[in-house]
Amino acid sequence: MKLVIAVVKPFKLDEVREALTAIGVQGLMVSEVKGYGRQSGHTEIYRGAEYVVNFVPKIKLELVIPDAQVEQVVDTIGKTARTGKIGDGKIFVANVEQAVRVRTDERDEDAL
Amino acid sequence: MKLVIAVVKPFKLDEVREALTAIGVQGLMVSEVKGYGRQSGHTEIYRGAEYVVNFVPKIKLELVIPDAQVEQVVDTIGKTARTGKIGDGKIFVANVEQAVRVRTDERDEDAL
Amino acid sequence: MKLVIAVVKPFKLDEVREALTAIGVQGLMVSEVKGYGRQSGHTEIYRGAEYVVNFVPKIKLELVIPDAQVEQVVDTIGKTARTGKIGDGKIFVANVEQAVRVRTDERDEDAL
Amino acid sequence: MKWNKHLLTAAIAAAVVAAPATGFAQDADPIEAAVAAASAETAYIMNTLLFLIGGFLVMWMAAGFAMLEAGLVRSKNVAMQCTKNILLFSIASAMFYVVGYNVMYPGDDGWVVLDYVGSFAGIYETQAVGGGSADDGYSVASDFFFQLMFCATTASIVSGTVAERVKLWPFLIFVAFLTGFIYPIEASWEWGGGWLDDMGFSDFAGSTLVHAAGGSAALAGAILLGSRIGKFKDGRVQPMPGSSLPLATLGTFILWLGWFGFNGGSQLAMGTIGDASDVSRIFVNTNAAAAAGAIAAAVLTQLLYGKVDLTMVLNGALAGLVSITAEPLAPPVWMSLGIGAVGGVIVVFTVPLLDSLRVDDVVGAIPVHLFAGIWGTLIVPLSNGDASYVVQAIGTFAICAFVFVTSLVIWGILAVTIGIRAREEDELAGLDNAEIGMEAYPEFSKTAMTS
Amino acid sequence: MKWNKHLLTAAIAAAVVAAPATGFAQDADPIEAAVAAASAETAYIMNTLLFLIGGFLVMWMAAGFAMLEAGLVRSKNVAMQCTKNILLFSIASAMFYVVGYNVMYPGDDGWVVLDYVGSFAGIYETQAVGGGSADDGYSVASDFFFQLMFCATTASIVSGTVAERVKLWPFLIFVAFLTGFIYPIEASWEWGGGWLDDMGFSDFAGSTLVHAAGGSAALAGAILLGSRIGKFKDGRVQPMPGSSLPLATLGTFILWLGWFGFNGGSQLAMGTIGDASDVSRIFVNTNAAAAAGAIAAAVLTQLLYGKVDLTMVLNGALAGLVSITAEPLAPPVWMSLGIGAVGGVIVVFTVPLLDSLRVDDVVGAIPVHLFAGIWGTLIVPLSNGDASYVVQAIGTFAICAFVFVTSLVIWGILAVTIGIRAREEDELAGLDNAEIGMEAYPEFSKTAMTS
Amino acid sequence: MKWNKHLLTAAIAAAVVAAPATGFAQDADPIEAAVAAASAETAYIMNTLLFLIGGFLVMWMAAGFAMLEAGLVRSKNVAMQCTKNILLFSIASAMFYVVGYNVMYPGDDGWVVLDYVGSFAGIYETQAVGGGSADDGYSVASDFFFQLMFCATTASIVSGTVAERVKLWPFLIFVAFLTGFIYPIEASWEWGGGWLDDMGFSDFAGSTLVHAAGGSAALAGAILLGSRIGKFKDGRVQPMPGSSLPLATLGTFILWLGWFGFNGGSQLAMGTIGDASDVSRIFVNTNAAAAAGAIAAAVLTQLLYGKVDLTMVLNGALAGLVSITAEPLAPPVWMSLGIGAVGGVIVVFTVPLLDSLRVDDVVGAIPVHLFAGIWGTLIVPLSNGDASYVVQAIGTFAICAFVFVTSLVIWGILAVTIGIRAREEDELAGLDNAEIGMEAYPEFSKTAMTS
């Protein structure tokens, strides 16, 4: 199984979730993060003082999926979240060794 | 070392933390996530408009533990967080290669 | 590539970010977590009732970096975030198998 | 506010003359005159005080609108909403002074078009320091203060409907027209002694003159702006829950409180036992209508949807208040309860109705102010024998139509010139960022789950 | 409110007759009568105005309770708390009109049980439009408005104690009984000229009649409801910190402001120099007691716990206000400071006391309103020579016992019929979800760390 | 407040005597006397009422400061800010009673140093219950109540500037000195009939006596405290955005509302047609200046920075209010707009100026209260022919210098004894934790992105 971590623009959340549901993803976790990246660095003025905006609000998705689904999921997120403008975000994939569904104690791919 | 990521119902947090402390876990991180899963999908009405509630508030626990403790930790979380009702959550385990305690620069299992 | 997860004291965020930028890190994610650890456990009184403060606010940094940078990044975070007082936090390193830049569909180290 | 300015002055002057005559011998004894003068002085002071208290209570409603709307928009637009609300009040204060007041009260010969359009000639001239005479019946400055607040209220109503997508400066320019011209002109028809007043139209404190007017201007804006991105997706209504229901609740309580000034002050006098008693009666009726509106909305949402909808209850209370505003004096309390309850019912049914018409009214201002305002105005004859259903209908229609059309024109001109709608990406990122450059709650983690 | 309705009327009528007699020749000269009539008219207007200003200030306290309680409950119950508070005020407004007012003021021959239970016969009848006579001393509608707000206050007190676990509709039904019957009956004993008034009981603005009564009803509810899940775990008290201390602070400031109307308005008259001066004196004493309560709580929590506890300071200010409410006129300022300070001390000691008794009072309403209310009532004879400690004790006990028992009965009947407590899973998920179906702060990430 | 206490009394007494003389025959007829007495009684009541209404409106400003400051500090210091604000008001209430009032109003022979330092002898003695005589012109208790609120306002101003780093108890001790001694002494120079009053200094409602004084005390504190950690890093100004702009907006609206009491009440009388009219005029001018300040700040930040800065707009409105406070009666409305607009401009330019001087003023209180206060006082002669620019400059300088120096001494003594600044780690973790032991928003996830 793989853990997919995707950072996307906040307003893309709904679209991405729908696209993932459409390809059979059944669960995921969402949280807000402040993102630092190439998009950062523009300046704003607050009470007359110029400052650099380092952090931009982003949505982080985390989902664990069977190995077989990785490519499709990464592609789907990538395509849906893409606007072509700087700050579209990243997708990372890491390995997951175990998964448990708390309710039933089912294990691994059955738990997803 | 392993990273255990557990998503549980918010009101189970305290119980789970206590159970983990009881088996010797000394540290963890907690954050709120919005969960999408089988529990999602009921409808609510807001100002006369029906809509699907896709996201349910969940608590995410992240803790890094020595390999030897994995089974016990996973079991403990599972047992404590279980209500038997849909939406109880998941536990995922991934591998961690390094750990550092910032204060002392201790490494790996000493750092946990 | 590696995913570095660092938990640090909130007021260290800026310093750490600057130090990381200085060594060439180009992106990261920040979020608040409640930390449980050795620092926990002091008591406070709320409306006359004594209670144990189990959770302390912490900042979690997540960044994916090329393998070659791991040591430098871990060292930098460690040095910058250190105050020497309990609760300074942890740094964990896990393996990442894929990375994608959403905007360009660049892959792996190019995506960071 | 059943009387307009000059009528009031005349009436009080008459009272001052008449009063002593009743209880006294007929000769113009200097002592009698002294008693009468003392009475007239007291009346002047009390009337002025009513305007001042009423005025500051209505001013407080500007804060109520700000909090209600700040609570009902999403967090990414809250700072923008606060900015709009404090600036619209400021602009109304300036415009009503510079041109509005004299447009609204042309007096007998200040009309440009007799009984239809007042004079744009001048600013409001204050009396001299220490000035004022018992014959005026009240301090003109206190009346100006009071009337100004009504003008600002009209603008506050618009702010909520067009939220989350309108650009700041075009909105403020619209407010300048609304408070300098549109509102004063239509208000002059009734309170300035214009054609609706001549016809016998009755709108005590402004269910139509203020609330339905504000609602009409809001409707025009909502139509031209279009709905927020994602609000009506795939034929379904997408709720976009407000960021802070306690702020919305606070706003509603503020408005409820302010409304005692709105309706009570519109008695325009409390220098006699009769007037003081009537102001009291108005307070009681106003409170009853608000309560009934809230209860009706609570019961109805429970029955229809299985749960009480707090935002509907808040809207319901306000709709009750708007409903009773056209005639808060005449009805017995039980009738006020009924009138207010219908207001609450109207809200519960027309909020989804507007949605189904694809009109995106962020805070429910159109149901509350326009629809309940119409209801309140049309039902006046039920308790007030001097009013007629036909005239009420004519007046309501005339004012709503006038405000709607002129607003449509102004919004339209703004739309084709400087543009009224924020860019798509700005709307998505939130207007706080794009227009104000600061966040309302910069430290809190937010995950806007619009679905 | 030291006088009840008919006494007041008599007193003013007497004053009207007496006043001219003093400075004048004895014959009933028409001019003298004119002067007297003008004076009586002014007094009528001023008395009415006091009721109206006092009334709207006390109405504003409903918002204060709403904000205080919204700030002191956890975020998952905030929308529910707002809903309860706006609806309880609405229901009180309806019930006091439909039945409460006439129960509370039976007059001389409206009693069902003489001096104990007023008539349930009828609704409150407003005077006619333009009605009112100088002989009444004030507009009855203004008095109704003012009294209604006290009735609603009693219900607001209950709302906070039973928060976070009570179901919406059972709570609202309880409020209907409380505001329609329980409060009006006990209030009639004193302010309606019933047996406590006859006995010489003294409770100027309602330390016991309003506050301890509300606190007693809350206590009954808290006992029957039981404590929130997890509040008393393994024999330890588990703090459940409120979601927003600035809202709680705002609520306290609102209540502080409203209390000037509560106590000042209870002078019931400001048509003479003496009355106006007394209202002023009341304002000063009320403010002093609040200040002393806040300071006492701050100093005491610093000494006891090593840190100032803001929630205790807020409760302390309110306890100071409740303490002075039974006699805000007679004490010199330094005594008011002392009385208020003791109120603050009471709060600091009785909040943990209640916890140790396993009574779960979410916002501290029982210490503030019941305990400080009792203190304030019992201490009246210190400054007011007309009051006796024994009678004060009897009155306080009678009212608390009556309200507690009747509340227990109503809560009990509700508990065994429709149930008063939310289901465990609803309580855990938050009442906002279960009862209202919407979140108070839907966008903010929350991690409720109850431990 | 252009007159001090004894002058007012004299003036009213004179009016009471004079008034009947004008319209009557010359002999002291008892009936004439009766009419005059009735008028005097009415005037007494109305004057008292003005103090009471004005007083509760200014009391409400304490809540405004609390909300404004709670909204403008970071969430980790919000509970501390609330604590400071409710306690400073409480302490001011106590200190002004215990010593301040008599220092401020020494009367003719209560001076320790004639015309410079009043007597520290005693507490404020209230009149007896039912007391008060028409010759006083108003209830002294109502005046005390009103004046107390001004004293508390001075302290509220300081609270915002020194936020986020000052320790609680040292701050409160400073407040005790400020409200018990520093403010009353300088205020006695003008409103107590001291040397500035003798010299012809003019400060109607306290642009300098209250606002610039509060700002001077704040400046002294800010200098001795130093800036917050990280505020001026590497020579750059680091913005530290406030936690809740809607709360800050609410606070501003509250202050705006309260200011009608602040300026309007400072007329000190509304028992005559002239006074009632003047109060009205003041309301209009006060509102105009606030509106103009807000608009000026909006336009200017748009022009300078490309976006409207909401916090500057809020500060701008307040600066407009401060600017008009020295003379809210004399100017015509257009001049009030101008005076207020300059206030808004001052804020926009001096907020960054202070930053560049490395003075860390968390909420902008020094630009708003000190700089706009000076502006407002200096410009009085433009509309008020009785004032002279030289005397205005002397008075402004004298008061600011006196308050600044004495504050510096008190802050300094506190600094070297118990220390005024929180420990570095406490400041970093937030004062809520260190000083209050509770969080303002315990449930919300926060990520303070100071950069």
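Lettered A, B, C, D, E and F in written order, each chain numbered from 1.
By definition in this document, a contact is a pair of C-beta atoms (placed from the backbone, for glycine too) under 8 Å apart; a residue touches a chain by one contact, two chains touch by 3 or more.
What you are looking at is a predicted structure, and each value in this text was computed from that prediction instead of being measured.
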Q) In this assembly, which chains make contact with subunit A and also with subunit F? A) C, D
**Q.** Partner chains shared by subunit C and subunit D (touch criterion as defined above)
**A.** A, B, E, F
(Q) Rounded to a whole Å, what is the gap between the Cα centroids of subunit B and subunit C? (A) 18
**Q.** Chain centre separation in whole Å, for subunit E relative to subunit B (CA means)
**A.** 46
Q.
What's the distance between the Cα centroids of subunit B and subunit D, rounded to whole Å?
A. 52
Q) Which parts of subunit C, given as residue numbers and ranges, touch two or more other chains? A) 17, 30-32, 34, 45-46, 54-55, 94-95
Q) Which subunit F residues touch at least two other chains? A) 31, 35, 38, 42, 49, 53, 241, 244, 250, 305, 307, 309, 311, 437-438, 441, 444-449, 451
Q.
Let me make sure I understand the interfaces: which chain pairs count as touching?
A. A-B, A-C, A-D, A-F, B-C, B-D, B-E, C-E, C-F, D-E, D-F, E-F
Q: In the complex, go through subunit A and note every residue touching subunit B.
A: 1, 3, 17, 26-31, 62, 64, 94-103, 105, 111-112
(Q) Considering only the defined contacts, which subunit C positions touch subunit E in the complex? (A) 32, 34, 45-49, 51-52, 54-55
Q: State the interface residues of subunit D toward subunit F in the complex, per the touch definition above.
A: 30-31, 33-35, 37-38, 41-42, 44-45, 48-49, 51-53, 55-56, 59-60, 62-63, 66-67, 70-71, 78-79, 82-83, 85-87, 89-91, 93-94, 97, 123-124, 126-127, 129-134, 139-142, 144-145, 148, 168-169, 244, 247, 250, 435-445
Q. Where on subunit A does subunit D make contact in their complex?
A. 10-11, 13-14, 17, 30-32, 44-46, 57, 59
Q: Using the touch rule from the top, collect the residues of subunit B that touch subunit A in their complex.
A: 2, 5-8, 31-38, 54-55, 58, 60, 70, 74, 77-78, 81-95
